[in-house]
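The following blocks contain the structures, represented as structure tokens.
Across the two complexes that follow, chain A remains constant while its partner is chain B and subsequently chain C.
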Partner chain A sequence: MIEGRGLTKIFNPPGKNRIIAVDGVDIQINTGETLALVGESGCGKSTLSRLLLLLIPPTSGEVFFEGQNLTGLNEKKLRLIRRKIQIVHQQPESALNPRWKVADSICEPFRIHPDALPHGRQVGEELEKLLGLVGLEPEQASRYPHQLSGGELQRAVIARAIALEPALIICDEPTSMLDVSTQAAIVRLLQSLQQKLGCALLFITHDQGLAHMIGDRTAIMFGGQVVEEGKGVLDRPLHPFTRRITSISDSCTLPLTEPQGVRPPGSCVYYQFCPKKTEKCLHNPEMREYKDRRMRCHKIPHA
Partner chain B sequence: MDTILEAQKLHVHFFASGNVTRAVDGVDISIRESETLAVIGESGSGKSVLGLALLGLLPANCTVAGIVRYRGTDLLTLSERELETIRGSKLAWVPQNPAGAMNPSMTVGAQIGEPIYLHVEKNRSIVRKKVLELLQFVRITPPEERIDSYPYSFSGGMLQRSLVAMGIAGLPEVLIADEPTKGIDIMNRQSVSALLRALREKGITLLVITHDLSFARSLADRIAVMYSGRIMEIREKESFFNGPLHPYARGMLLSLPENGLHPISGRTRESDKYDGGCRFRSRCTYAIERCRVEPPLITLQEGSAVRCWLYD
Partner chain C sequence: MEYSHMAVSGMNRAWELFKGNTTLTIGVLLFVLISMLAIMAPTISPHDPAEMNFKEKLSPPSASFPLGTDQFGRCIFSRIVHGAQTSLSIAIISTLIVVTAGFIIGMYAGYFSKYDAFLMRMTDILLAFPNIVLAIAIVGVVGPSPAGIILSFSISGWAKYARMIRGSTLSLKNSGFVEAAKALGASDRYILFRHILPNSYGPIIEIATLGLGSRIVAISGLGFLGLGIQPPTPELGTILKDGLLYLQTAPMMALSAGGMIMIFVLATNLIGSELRSIMDPRSDSIEL
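Then we have the complex of A and B:
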């Protein structure tokens, strides 16, 4: 349904070294499925999600949505596409306008796309339906964002995201600021909405336990590249980085590995950290297809 | 072991637009010397307010009642001036939200050096040397380059570690850390965890406020569960994670992804609509008639207790 091909984003801050935030990523999400995207802070997860929406222009690469190439479309045409792709941010506190009542924020999509309102329906009726879907009281929607808790705000943000019945919801660490019981409630809510509305989810997280629970497929990102992607990558990790993060699980006891030396230009993104690097790894491996996954690594186990 | 810091019948009530919010509502807790106690609970349960109350750092729009005792001295009766000799030097605080906790217009080094200058050492060049040592200790390298940087140039994990450095700069006996792993990834979480463990090995008493259960499990000696302004359960770590007693604590463990991600039904009862019964009653699957009366904290053995009629 949505596909990114060779997506690359390079930031050139003035007076500083250029940063390759996303480096040649191919990503594909099918209708109704959940892709979990896992990686540490700064690996380019959020930049990738912005590229998919073309909120920032890619340095190179293309985005296709339902067969249509989005790169190069003008803002007016993009706006029509964006109805179908919604985003839920990490910090619900800053995702809503603090000077609007929560209900006004939830109904904003209908002001931008008046034709999206089903024929003969009032905004108020839609609001009631949306609040029911996400489990908020009408009384809570008449308050301002600072008067709600993080979990309630995240429900409001989700209500806004599903207002236009999108085909894809990008969830950018939607629960990393919430406590465990609220997290469980929000994730269950997203899953039940996905069943009701049939939308696809791109679930960005740094919690592998959560990725494991929610993802049909999992993509592991490191240093701007997807290094491993497939159905059971967290159960049977093959890439050294995936192995490393899955071996930490929740023990918190492994010592940190410090990067060794600098990354030679053109080498594998995991070169400085990899315990199994060889001379071959000085050349960045291509993404290769295996039986149940895609992976970038020269040290191919016999799969 | 001796008790180093304790609270008795501690209440913190906020008054806003005619309502009373009982953020901390009758907390009894004692922290033993050199132990690590993790306070866990959902957002809004009063964990952070409890931490601030122990340090006397609450804003003026609230009332604090009860006793907070540090080595026998009641901190709530001290004047602000007397309190300042203890706060920062004996008891220190690591705030949450590292990005907002630092002064954006002061260098990180100057901020870490402040408690040293106030409580330990007046010679600026010695202060600077100590700050460099602290930066090295919290693994912000190379310290000589980083000491004069401003907070905006630090990553979230580095800021969190700088805050820990600032917390321990005055050589405190007790460090209270508020959500030190909130919103940071697994690698950074590991480094914060390793750092706190190193402090623990130095004999510093730690009170860690968190909702990250695996972090609490890896670090703490004892776990205290807070819900709606009250301590619901306080137990040794191993026995708690092997079998939590309070229904809320059980629900919290079941809501972890690895345990099946089962949310606790219902919503947090707002603490200003308190009706005298057990605070978890409306969400509890075990609730019985008796729960209309709030249970006391029932002591099971030395240092472990639970607030639930199931264990009476």
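Then we have the complex of A and C:
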């Protein structure tokens, strides 16, 4: 349904070193499925989500939505497609306008797209339906964001995201700022909404447990690249980085956390950390199919 | 904490606002008092401000001349209230112009990064001049009429506001709710006017209120230097300057003009310092 091909984003701040935030990522999310995107902070997860939303233009690469190339579209045409892809942010506190009542924020989609309101329905009825879906009381929605808790705010953000019945919701670490019991409630809410509405989820997280629980497939990101992606990736990790984060080390040695030496230009992104690097690894491996997954590593045998 | 959500009428809400906020109450009362004097100047002044009575020049306060007369025997009270009217209108109009211009330029510079460098270099150039010096130069060119003074304040004053609003726009541009609105397909205009503008004006209103006071001082300053509104039109700065010559014979001249300026600046400062906390929705004292 949505597909990113060769997505690359290079930030080139004046006077500073350029940063390759996302480096040639191919990613695909099918209708109704959940893709968990796991990676350390700073590995480009959030940038990748913004590229898929076309909130920032890619340096190179293309985004296809239901077969249509979005990268060349002008802002006007893009606006109509935007309602199909929504985002739930990490920080619910800043995701709602502090001057608006929560109910006004939830109804914002209908203000931007008045034609999206089902024929003959009032905004109030839609609001009631959305509040019911996410489990908020109308009384809570009549307050201001600073008067609600983080979990309640995140429910409101989710209500806004599902208002236009999107085909994909990008959840950018939606639970990382919440306490543990609220986290579980929000994740369950997202799962039940997905079943009711049939939308796909791109669930960005650094919590593998959560990724394991929610994801139909998992993509592991390191240094701006997807290094391993597939169904049982977290159960049977193959890539050295995935092995490290799942804490299955090949020997009894602790996984490397400090970079060793410098990364030679053009080498594998994991070169400085990899315990099993060989001379081959000086050339960045291509993404290859292997059994039930795709991964970037020279260690896997050629098919 | 308890939040009441009863329908509170506007009157009640205003009452709640003033109750327990002495600073704001005093500020607003002084502001209203001076504004009323200025607005009703033609009705309440006992004499024509330009009418001269040479027999009664420099006379002390009396029933006929509440604040006495000046060196030409003109009624000081009438001149003060008329002068306040002129100063107040110039100050309010020029403040509205600089705040509006500052908002438009600042939001454009902050939101559309391609205009940023150009617009900010322009503000840098303007900020490099002391405001009053620039205003004097412009008045020197366009002439010391009310319109000329408004123009000079407008040209010299917007840069400060533009810079502040650019700053808040830059930080709001990357906030979650702006990104969410973009993801929903909102237009730039919608984002600027629904999200960025309402979240920027709290601190601006505070600075603008303070600016109103300093503009009254600047108008009087121009008058004091002889570059302001020209006689015979009454103007506070000119009255103050003339009054200084007669400080010993007719002290009311300088004192009343100076007092009027001082009370107005005091009122704007008191209101300005309170406004910010009232405008902030996160302050629990009141819901706006």
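Note that the second predicted complex is superposed on the first by the 291 of 303 C-alpha atoms of A that agree within 3 Å, B and C clash if a C-alpha of one lies under 4 Å from a C-alpha of the other, contacts with A are read in each partner's own complex, and residues count from 1 in each chain.
Note that a residue touches a chain if its C-beta (ideal position, glycine included) is under 8 Å from a C-beta of that chain, and two chains touch if they have at least 3 such contacts.
The shown structure was predicted, so the numbers you read here are calculated from the model rather than taken from an experiment.
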Touched partner set for A:Leu96, first chain B, second chain C, both or neither: second
Chain B versus chain C as contact partner of A:Lys231, first or second or both or neither: neither
Touched partner set for A:Lys280, first chain B, second chain C, both or neither: neither
A:Ser41 touches, of chain B and chain C: first, second, both or neither? first
First (chain B), second (chain C), both or neither touched by A:Val157: second
Which superposed partner A:Ser105 touches (first chain B, second chain C, both, neither): second
Which of chain B and chain C A:Gln86 touches, first, second, both or neither: second
Chain C-contacting residues of chain A that also contact chain B: none
Parts of chain C lying in touch with chain A, wherever the complex brings them together: 3, 5, 175-177, 179-187, 190, 194-195, 198-199, 281-282, 287
Residues on chain B engaged by chain A in the complex (per definition of touch): 41-44, 155-157, 182-191, 193-194, 211, 213-215, 217-219, 251-252, 255-258, 261-264, 268
Contact set on chain A toward chain C in their complex: 53, 55, 78-80, 82-83, 85-87, 89, 91-92, 94-99, 105, 108-109, 112-113, 139, 142-144, 146-147, 157, 160-161, 164
Touch list for chain A against partner chain B, complex: 39-42, 90, 149-151, 173, 176-185, 187-188, 206-210, 212-213, 245, 248, 250-256
